[in-house]
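Multiple structures follow.
Across the two complexes that follow, chain A remains constant while its partner is chain B and subsequently chain C.
Up next, the complex of A and B:
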């Protein structure tokens, strides 16, 4: 039987529709589950937490949502080994819930996606995610080639990885740094980073590699018509670009 | 007379007299505030409506013209269904000047509701902005931009288009215009009037708990008549809640789906000026009914508010449904239970607050007594002010004599000019790509483009225009030019222009010269739109944009143009594509300086570039044809900063995409802003060259060679990128 993917919707989530659409276009069986139907989440095989401003980013992005009933099911699922994939606000929630990097207790964050720096405001910018781990280290990235470059859009005001020096050290040494910001040619440098993120980090995984949190949105550069460098002749409606990561996620489920 | 009736209002004595005569008694306090709101310029367009009637509003594509909360225009057909783009255009000028962040944010909030209430999914916003140049104006600009971003980003609607001009004329009055687009199946359009057979139906208020925000202005003012009038039109600032709006939108989409399933025809309308009273009176009156409202049923934020505040206050994030009673029950359940509105914001909810009556009365009950009982036609009927205006003297302009220009010195100055320099430091604060439908995001090209219907190749383009440097010189010309330029921008991305909206931002209508400037602009819009065969499907008027010392803002008829693309693969992508292409200047290329950035830098006057509508129509044809034949590689409109700026931007866009392509051109004065298009074509022999001039060709490398002067493209890019980045880090 095909794995069923839930895309939970918190009050304030705003990227749920395109996330479901791209999951489906990549062959996934995905549907929305609203916060008032949270108990239904128990019956799904995987979770994709999409972008937005859950609970208005009060206190810190993701801080309130991490304590929502929805996360009871997601945390339980993650501990059971279900795949959990958070994008942007979804990633912020996973950090606040302590699922990634997962080096501390549940719901006691050891790292956060904090206010951008040096300018503490929202930034919308096209970026590339460069895979920094062995693809198989994380189930969700397993079908990507080593060093894969995934096009995406950064669109957030709180995306700067912040943690204690020891925790940052651990993130690197224990292989939690899944994605770094890169240029189109694959170079990773400070100019490629839109938000001052520590370690130039764009995405983190947990120890067991079943939970992935990325700040940029691959689903916003997920179809041919989204690409500013679209080669003519391609089917404009076909998934591509950022869809590679979604495909890899779907493959891990089958 | 005013004082005998209670609190001061902005209604004039003759209007108060009319009300007392019609009622046969003195109005109650609630009635007074109701007429005050309903007969304000903001609600009634009393001094502008008869002029606006001159704007063309019909075409084969118009699904819904002006008159409701938004207009709708046919986009195309997908899977056997006809789709319309819903569009609304408004200003939030005065609130943004007073409280920039909240003022601009509620501007986005309001325009989004205007589109939502047509039954449409909101797919984009745009924000034409005009700011002053003093230190305070920078604070206003920063706050307004952050407010627009905070609201639009949170509700998840991409910011697709917009422009920013800086001009001393806006030092005391910024302009924050907002446009919103929606997409809807034409058969699913919801109107903002009670449908046939709606007698006895429920009136359902949904959204934020009513509070005292947005009730101030005229009603609490005890200032002089002039100040009252100014305050009335300046309005009071409301409080934005994009978080609640996000949920309200999604719950409303769910309601739309339920109504479609059950084949229910309902009415839905945004609460704006006049609050509950204005909205419930108009939605029932325009269907030919009356209404009875129980103010005790309204969910309020605090107890003990006067009934006039509950009835007329302008709390944000509220909408009103007209529904059969059994359906109303289910709709209330969706909002309150499925989307748990009361848990999302304090006392937010959907509630039945009244019913539609066959009697054409408007009745408000409050704590067992009648607070208002008036003839609904009299309340909502069209009142009209015939104000005197003076004829505007058209700009004759100096002889088209061109000073010899030193391109090498002047071009970098032009790129760094406040009306030309990159706007990215501002618009990067906006989410341009949420919803995943974006084809050309904000700033990537002359117009933004979306593919709004999943699985369909149909795309929609949106661009805005309205040059205040022209507005300062000649109001009618500026209006015509705004239509032409907005249209050109849509054409430059490969779209077919299908409709327009406008927001007329002018001074005090009680001053004949300022009112004359408004009237001239309307005629300018009407003339250009008629010549180009484009309808205005919605619009808005903002008057009293006047500084304390009596100066009106530069005449600002701001226009948005909607374009359709049959196949998203036909969209012209940004930047020069290949070395060895021919560069053509298509369309008008008159060598005059009037109103240009160059004229401002040189501090000279000049004739305004003539607009030839025959030439415009021909130019559109050439660009379309080149694109359809597959020979058009890139294209940009010649606008602020002139032809060379347009060419440089094509080179910048190529550079940003990793293509080092330059150009070599030869042309008299490449800094004039006559208009038209710069087109990069693979084969000039394929083009009807009678309307186009070959000015040069693209070359490999990062050089722009102009009349023998060589510029380094990355260097120019730095010059262009820096100025606003320094002001708005």
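Up next, the complex of A and C:
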């Protein structure tokens, strides 16, 4: 039987449709689950928290959503070993919920995707995510090649990893840094980072490798028509580079 | 130093959301007020107010209420959430009241800070106690 994937929808989520569509195009059995139906989440095998502005980002990005009933089920599922994948606002929620990097108690954040720097402005930029861990370290990236480059779109005002120096050290030494920003040729340097993120971090995982939080949107580079480097004449509806991460996620469930 | 508080005179949906969320998290609070605190090195309050009210980036007279605080420190039952990183001078102030309309006691405020209002990875929570303690230490 196919694993069932829930894409929870908080008030203010806005990337749920393309997320579900790409999961389905990659062979997944994905459905939206709205906040009013939160108890239904218990019956799903995996969760993908998509982008948007859950609860209008009131107080802080992800702060209210991290305490929503939806997250009771997501946290319980993550502790049980279910796969949890957060993108952009979904990633912010996972950090606020303490699921990633997961170095502290649940619902006590030890890091945050904070306001961009040096300018605290919204950025919308095509980026590449470079896999910084052994693929098998995280179930969701296990089917990617080592050092894989995943194209995506960064579209956020709060995407800069911020934490204490001690916590940043832990993130590196304990293998929580899943993805770094890179150039198209795979080079990782500050010029590739759109938001001043510490460690050039674009994505983090938890200790057990079943929860992944990334800031850029691979689902916005999921088809040729929205891939910046698409050679002209390609089938515009064919999957493009961002789909690789979604395929790897689906493969981990099969 | 002068501290200026800019708050909404229209309903503050963020404060209401915080109120509902904190109650769900078991914090005994009846009402919340939120404002933005801006700190300036100015000495002349009148001139400062004139400058701020003329700057539509921070003050819209149809939407905002402005007041110069008596002192640049949180009042009782209030926390200032300041960003740890960055060069900005200011904070978001949260004032919590109990069912009698009085400022909440320290344990209630601390619970609200810990459970929702502050992410210690990026924020510093300054309360009246902390402010007085830090300044006493500086005096010593």
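One rule holds in what follows: the second predicted complex is superposed on the first by the 251 of 254 C-alpha atoms of A that agree within 3 Å, B and C clash if a C-alpha of one lies under 4 Å from a C-alpha of the other, contacts with A are read in each partner's own complex, and residues count from 1 in each chain.
Basically, a residue touches a chain if its C-beta (ideal position, glycine included) is under 8 Å from a C-beta of that chain, and two chains touch if they have at least 3 such contacts.
This one's a predicted model, so the numbers in the text were calculated from it and none came from an experiment.
Annotation for the three-chain superposition on chain A: chain B and chain C fit side by side.
In the superposed model, A:60 lies in contact with chain C only, and not with chain B. Contact with chain B, but none with chain C, is seen for A:17 once the two complexes are overlaid on the shared chain.
Ranking chain B and chain C by residues of chain A touched puts B first. Shared-chain residue A:124: touches chain B; no touch with chain C.
Of the two partner chains placed by the overlay, only chain B lies in contact with A:230; chain C stays clear of it.
Rounded to the nearest 10, the angle at the Cα centre of chain A between the centres of chain B and chain C is 70 degrees. Contacts of A:132 after superposition: neither chain B nor chain C is touched. With the two structures overlaid on their shared chain A, chain B and chain C come no closer than 7 Å at the level of C-alpha atoms.
Looking at chain A, you'll find residues 55-56 touch chain B in one structure and chain C in the other. On chain A, the positions that touch chain C within their shared complex are 55-56, 58-60, 63-64, 67, 96, 107-112, 114-115, 117, 120, 162-164, 167.
Listed in rising order, the residues of chain B touching chain A in the complex are 146, 149-150, 153-156, 242-243, 246-247, 250, 337-340, 343-344, 427-441, 444, 451, 454-455, 457, 459, 567-569, 573-574, 657-658, 729. By the touch criterion stated above, chain C contacts chain A in their complex at residues 13-14, 17-18, 21, 24-25, 83-86, 114-117, 119-122.
For chain A in complex with chain B, the residues that touch the partner chain are 9, 11-15, 17-18, 21-22, 34-36, 51-53, 55-56, 118-119, 121-125, 153, 155, 184-185, 217, 219-223, 225-226, 228-230, 232, 236-237.
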